[in-house]
Amino acid sequence: MTGKLYEMTANLGGFVTGIFAAALSLFSIAMRTFRGVFRFRGRAQGEVLKQMYLIGNRSLIFVTVTLGALGMVLVFQVCLQINKITGDQSQVGPEFIKGMIHAFVPILTAMMLATRVGAGIAAETGSMVVTEQIDALRMTGVDPVDFILVPRFIASVVMTFVLGVYAMVIVIVAGAFMAHSSFGVNYNVFFVFDKVTGGDLFIGSLKLIVHGGAIPIVAGYCGLTTGRGSEGVGNATTRAVINSSLAVIIIDFIISGVGLLTVQKI
Amino acid sequence: MITLKNVSCKMSGKQILDGITATFNKGEIWGIIGPPGCGKSMLMKLICGLYPVTDGDLYIESENIAGMSEVRLVPVRRKIGMLFQNNALFDFMNVWENVAFPLSRMNSGLSPEEIRLKAFERLKAVGLGGSEEKMPSELSGGMRKRVGVARAIITEPPVIIYDEPTAGLDPVTTSKIYDLLNEIQSRSQSVVLTISSDIIGLRSFVKNILFINEGKILYCGPEQEIDHCTDPVVYQFLRGLDEGPL
Amino acid sequence: MYNLIAKIGEGALNLCHETGGLLHLLFMVIKSLFPPRFDPGEFLRNLYKMGVKSVPIIILTAFFTGGIMVIQASVFVKRFGATSLVGWGAGYAVFREVGPILLGLMFSGRVGSNNTAELGTMVVTEQIDGLKALGIDPMQYLIVPRVLSMIIMLFLLTIIGDVIAIVGAALFGILIADVSFAAFWTSFSQNVHVADVVHGLIKAGVFGFIVSLTSCYAGMTVRGGAVGVGRAVNNAVVTAALGIVISDYFLTYSLS
């Protein structure tokens, strides 16, 4: 009995120290990335542009298809409910546009990019770990975080924002199309932007920027801590997808909550 | 040049190296051998400062790198040229950029053009003239090894480490690689540490041998005298016998 | 110009190749199900590994999803003073759309990509060939149990997730949006119907099927060692996300 209790306590202790060690390591990578961004003097500008191109190129169709479909689905569901109650569809457009900008588009775009970009970064850095390229970088006195992660971080922040804005356009257009074709809502009734406040725009942009920064940091941490062996890179990629998605959900929750209590307060 | 005093290393609770004491002097060529998983690769990574020393002191030219921070390790690492087991060529750079990279990262005072010429010259010296613009993935195993060697020696470092320089290569390429390493050594006065599983090829190249088993040194001395070593593990390992402690 | 045409053609051929591969895998799975021939031990082991081990991540996701939904609903509701709509709005959105999609994406990230990594590792270390050499059909031993357990488990996990999301929504409704529990509950229980729950659960089953098929296919077609495994995982989660969203669109249409 005491033996078992002892073992349990030891396991719990190991678990807790493991979490602390991981948190510390994640924190250190984040700090080194931020420091790298401030020290960034354009010497790797080409690399940033290349990464921006890669992120955009890889994700454009993906974001178009997924967010377009989601926009149509969401409008469909909303209109269906309104039909059951009041049948007054005139408020659908303005409210939908407002909700998309401050809530749905940031989290959904970021979730999509967490799978697309986050997994990509982890697979790439993980491969560099198992092929010892990271060690080779360190041997030449280069901080892998500076060299690998910082350009991806900058590219991801910029491109998540750009893709997010693009996704808003796609979602709103797709939603309008759905409302028009299935529920007969006029386009000029749908495209009304006066419900959108400065607070909505601020919250939406803030979410996109923070998500865009969180994804490469979490994914980079997963990639750089890849274990040896043939299952290492696969596991790192898996961890990157799940951890960056979770990070997006929790960050989104925090920003939404704070936003509701501050800038979006009526 | 390199002095290890009672160096130990633990990773996730497992003792990988235990009380290693050795000295590698300028101009010496050492072979590091031992059964798989004995800790020889780890010893090399400790010397490069890629993993922290848990216990003991490790001097590279009078500087103790045990417990040194990543920032202070940078100048120490630049004294070491390393050929990695899997070459570790950067797959996002072409061949000459790979070779030039370590040089372009130190304050050598050379212009980018001079660095490029030097990389080209080094590639020619390892017999890869004409492949400068190729990507690593387009090269054969032996050619990649040569690129790795060229990258390891481009800064003319006082310490050179070859981790399995001939693994996975055919006998002809193997002997060519050893010829190349010999030629490089004849021109420089570096400390050379070589890990290899190919004992016969290795013994034709090195002057001294360090034998490690389960994280401990079993033999440390001249290459010729290891045949007289009476340790049962060394005896069995060198002769490839079935009977014995391994 | 020529290059562009060649690229489009290459893309189209790739797409056909992948679609054909997926359909072939689907056919093989169905063939192994009639009559059912698969390894029961492996099936149970996968149920445990994919289901029970995913409970924490599903709970975490669902809890915060509920929270996010109630916060968004209250931005809308506060302006109209219609607190009686919060429970309804959150329940409706969570059960029908946001719950299945977010949980499906998380399941794809946790279980689907893990599955791809595992199968891919078995491919690159020649374990699949080893099984075949031993006269064991990898389809019956590896694929079918995984496909079945993923469908069943995403369905069951979505039930848990739905409950947790509503708890989260109610909790954050009280804490942040000034909606009393009684108001939340009345609005929720009067306006949310069993049909909404069923709608979401059918989606969950289909999403589980999509995740299982794409992840097994990506895993079984890995090439190029450890690096290839990473790439395959990346492809698997992307294909699964696309599949989830596109099928969601058609399901929403056909279920209403």
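Going in written order, the chains are labelled A, B and C, and every chain counts its residues from 1.
By definition in this document, a contact is a pair of C-beta atoms (placed from the backbone, for glycine too) under 8 Å apart; a residue touches a chain by one contact, two chains touch by 3 or more.
Bear in mind the structure is a predicted one, so any value in this text is a computation, not a measurement.
**Student:** With one step meaning two chains touch, work out the least steps from chain B to chain C.
**Tutor:** Between chain B and chain C, the shortest chain-hopping route counts 2.
**Student:** So which chain ends up closest to the centre of the protein, judged by Cα positions averaged per chain?
**Tutor:** The most central chain, going by mean C-alpha position, is A.
**Student:** Between which chains do we find the greatest number of C-beta pairs in contact?
**Tutor:** A-C
**Student:** Using mean CA coordinates as chain centres, what's the chain B-chain C distance in Å?
**Tutor:** 47
**Student:** On a C-alpha centroid basis, what's the spacing between chain A and chain B, in Å?
**Tutor:** 42
**Student:** Let me have the rounded angstrom distance from the C-alpha centre of chain A over to the C-alpha centre of chain C, please.
**Tutor:** 18
**Student:** Touching two or more other chains, which residues of chain C qualify?
**Tutor:** Where chain C is concerned, no single residue meets two or more other chains.
**Student:** Chain A: which residues touch two or more other chains?
**Tutor:** Counting only residues that touch two or more other chains, chain A contributes 131.
**Student:** Quick one: which bits of chain A touch chain C in the complex? Just the residue numbers, please.
**Tutor:** Touch residues, chain A against chain C: 62, 65-66, 69-70, 72-74, 76-77, 80-81, 95, 98-99, 102-104, 107, 111-112, 114-116, 119-120, 122-124, 126-127, 130-131, 229-238, 241-242, 245-246, 249-250, 252-253, 256-257, 260-261, 264, 266.
**Student:** State the interface residues of chain C toward chain A in the complex, per the touch definition above.
**Tutor:** My answer: residues 57, 60-61, 64-65, 67-68, 71-72, 74-76, 78-79, 92-93, 96-97, 101-102, 105-106, 108-110, 113-114, 116-118, 120-121, 124-125, 172, 176-177, 225-227, 229-234, 237-238, 241-242, 245-246, 248-249, 252-253, 256.
**Student:** Can you list the chain B residues touching chain A in their complex?
**Tutor:** Chain B residues touching chain A: 45, 48, 50, 70, 74-75, 77-78, 80, 82, 84-86, 88-91, 101-102, 105-106.
**Student:** Can you list the residues on chain A that touch chain B in the complex?
**Tutor:** Within the complex, chain A touches chain B at residues 131-133, 135-143.
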